[in-house]
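Quick one: this structure, given as structure tokens, is what I'll be asking you about.
When the chains are written out, they are named A, B, C, D, E and F in that same order, and each has its own residue count from 1.
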């Protein structure tokens, strides 16, 4: 296990997000980032449910970094390991066994979150 | 709008599922069908939450028939239009504008469900 | 060939877009639609180049309705058949032979556009 | 069941393939078509094995028309229903339950092939 | 070339599979793992053919770890380099040039298998 | 930032491409490589436009190495940062937020290209 997995993930994401937000002619990307924030806000569905939706969507689309992001949000919103395991189940059923390698890495990240809660991303995405 | 959209969808699905279940040498498919039933059962997450997970996964994977199936399950479990619209939002954000045509058809199916509740599939999947 | 392919496509798209725009709790979808308009506007790249980018992206993602939409936009912006054929080439090379069936339908739609220019969608998307 | 499913599929494919082969500036598409023929020829692997590879690839990529094409080739090369069912099993396991709707349509096509052998495509692809 | 590529791959896969198998509430994942074993067993199709099907499906779905797994199984079942190259051909034709980077890594893994046969995974998956 | 990102990428790609070109029974792969060269040559569309098409297709298909390749080609053909940012916009809109992590890595590669122009691949692909 890599004990710094969460910290390294967040550091890279934040550094490159800053680059993109500072780049010229980035109007569309900025809107997408802002829409992203808006989409997961409390509404008819709770924030927690929406983050779980984001997690399962990221898993079937096989995007590790997206999975890590939503796992972290789920962790901060109090999703339990039992719940995470059922999301893994739905994702592997719907998306098939090609989701398994992503599930292995997701499990590693989830364990890192539980043991390294200090590395969590700051509230500002 | 096609008023028979729900009925036609269910009739074809049921007829072909029966063919597959009656086919020779179908052990793996039978297990997958049975696992599918098991996966969406009440657990740490409610049936309703799981069907919403199935819906968003089907949308980002752009599978119309899967979308119809989970919309129908959501409808029967009392998911509201306000909630469905937020699932559509997450799916279109995560999956991009290529999800829009599937969202149009999903909307048509959702409206058909609300006006033709008699065409709902029977409890036996 | 279906001579009404363009007309039928536009009629369904417009009808269901209206449904989605009139639905409750559709804030995220509305923003995505508005962002979609913004993204294809003239900028560092011309509208024509952007529509060609939208077309090739839709082809490799195998979304027929998205392909039809961008073909129509390309047609209205003066993209030639010679240019369309090269976009088909890139899409089939990058996306593989699973793009061929979508290319067949794209060709049918492109021919319908050339023979039924009256069925084009109105400027308001 | 649609008894003309095979005939209709082949008629449309052949008509549009002819359009694409007669179109201007189609050098890349022509090469892809010719490469497609070459790829499935007998080599270290038999034609039959290669068509089964083409079938499973088409299923996990969820391309109905590609599935129909390879099912037809498999049928002509003597693949049995027992073998087809195992390919369906691998595809649904690896690709997940989103492959199920394509498996239903594949089953319908396979049955149509068995009952309407006269509608088979001609040797010239 | 990384001479430890096979060993590292197997070590990580086994360690994380154990974590997943030891996790709470993992009924669905356990069933999927057990179904995975069942699916590739000798039947109407040979184990070798099924592993080749698994390989081509993994390639067009662009899952490196799945590709490594099936390459390893193919190696142990006596699939030759000539046969592997034809599977690479089908995968790159059907899936397009986006499969090329995965083919480069697959080639590296295949060569590592041939030179480091001692690092092969143990029979227990 | 990794200052050697471009150099490392090119070195690995070239080494493994040589392996594939030297492998036995690689007729199909060789043809695909040669078709790849042909497809991006000047025609009805300019080389620059075609590389931009290749870039957006690679982004929505989430293939990092393909993105790096086309970014490099775009850089050598004089595509500006303003233009690249609009391609990123189209890709993230059409492909959704799962394209964001690839956009972060693309941005890093683009910056590396601008600061390490000596590491560019040689004209022979």
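Simple rule for what comes next: a contact is a pair of C-beta atoms (placed from the backbone, for glycine too) under 8 Å apart; a residue touches a chain by one contact, two chains touch by 3 or more.
Everything numeric here is computed off the predicted structure, so don't read it as measured data.
Asks: Which chains lie in contact with each of chain C and chain E?
Replies: Both-contact set = A, B, D, F.
Asks: Are the two sides of the chain C and chain F contact the same residues or different ones, given that same means over half of the numbers occur on both copies?
Replies: Because over half of the interface numbers appear in both copies, chain F and chain C meet with the same residues.
Asks: Could you find the chain whose CA centre sits the greatest distance from that of chain B?
Replies: Here the answer is chain F, farthest from chain B.
Asks: As a quick test, compute the distance in whole Å between the mean CA positions of chain A and chain F.
Replies: 27
Asks: At what distance in angstrom does the C-alpha mean of chain E lie from that of chain D?
Replies: Once rounded, the distance between the two centres reads 25 Å.
Asks: For chain E, what residues touch not just one other chain but two or more?
Replies: Residues 25, 27-28, 32, 35-36, 39, 43-44, 57-58, 60-61, 66, 82, 85-86, 89-90, 92-95, 97-98.
Asks: Which bits of chain C are touching chain F when the two form their complex?
Replies: It is residues 35-36, 39-40, 43-45, 49-50, 52-54, 56-61, 66, 80, 82-83, 85-87, 89-91, 93-95 of chain C that touch chain F.
Asks: Show which residues of chain E lie in contact with chain F when the two form their complex.
Replies: Touch residues, chain E against chain F: 62, 81-82, 85-86, 88-90, 92-93, 97-98, 100-101, 103-105, 107-108, 111.
Asks: Taking the complex as given, what residues does chain F use to touch chain E?
Replies: It comes out as residues 12-13, 16-17, 19-20, 23-29, 32, 36, 57-58, 61, 63-66.
Asks: Please give the residue numbers of chain F that touch chain B in the complex, ascending.
Replies: These residues of chain F touch chain B: 60, 92-99.
Asks: In their shared complex, at which residues does chain D touch chain F?
Replies: Listed in rising order, the residues of chain D that touch chain F are 25, 27-28, 31-32, 35, 38-39, 43-44.
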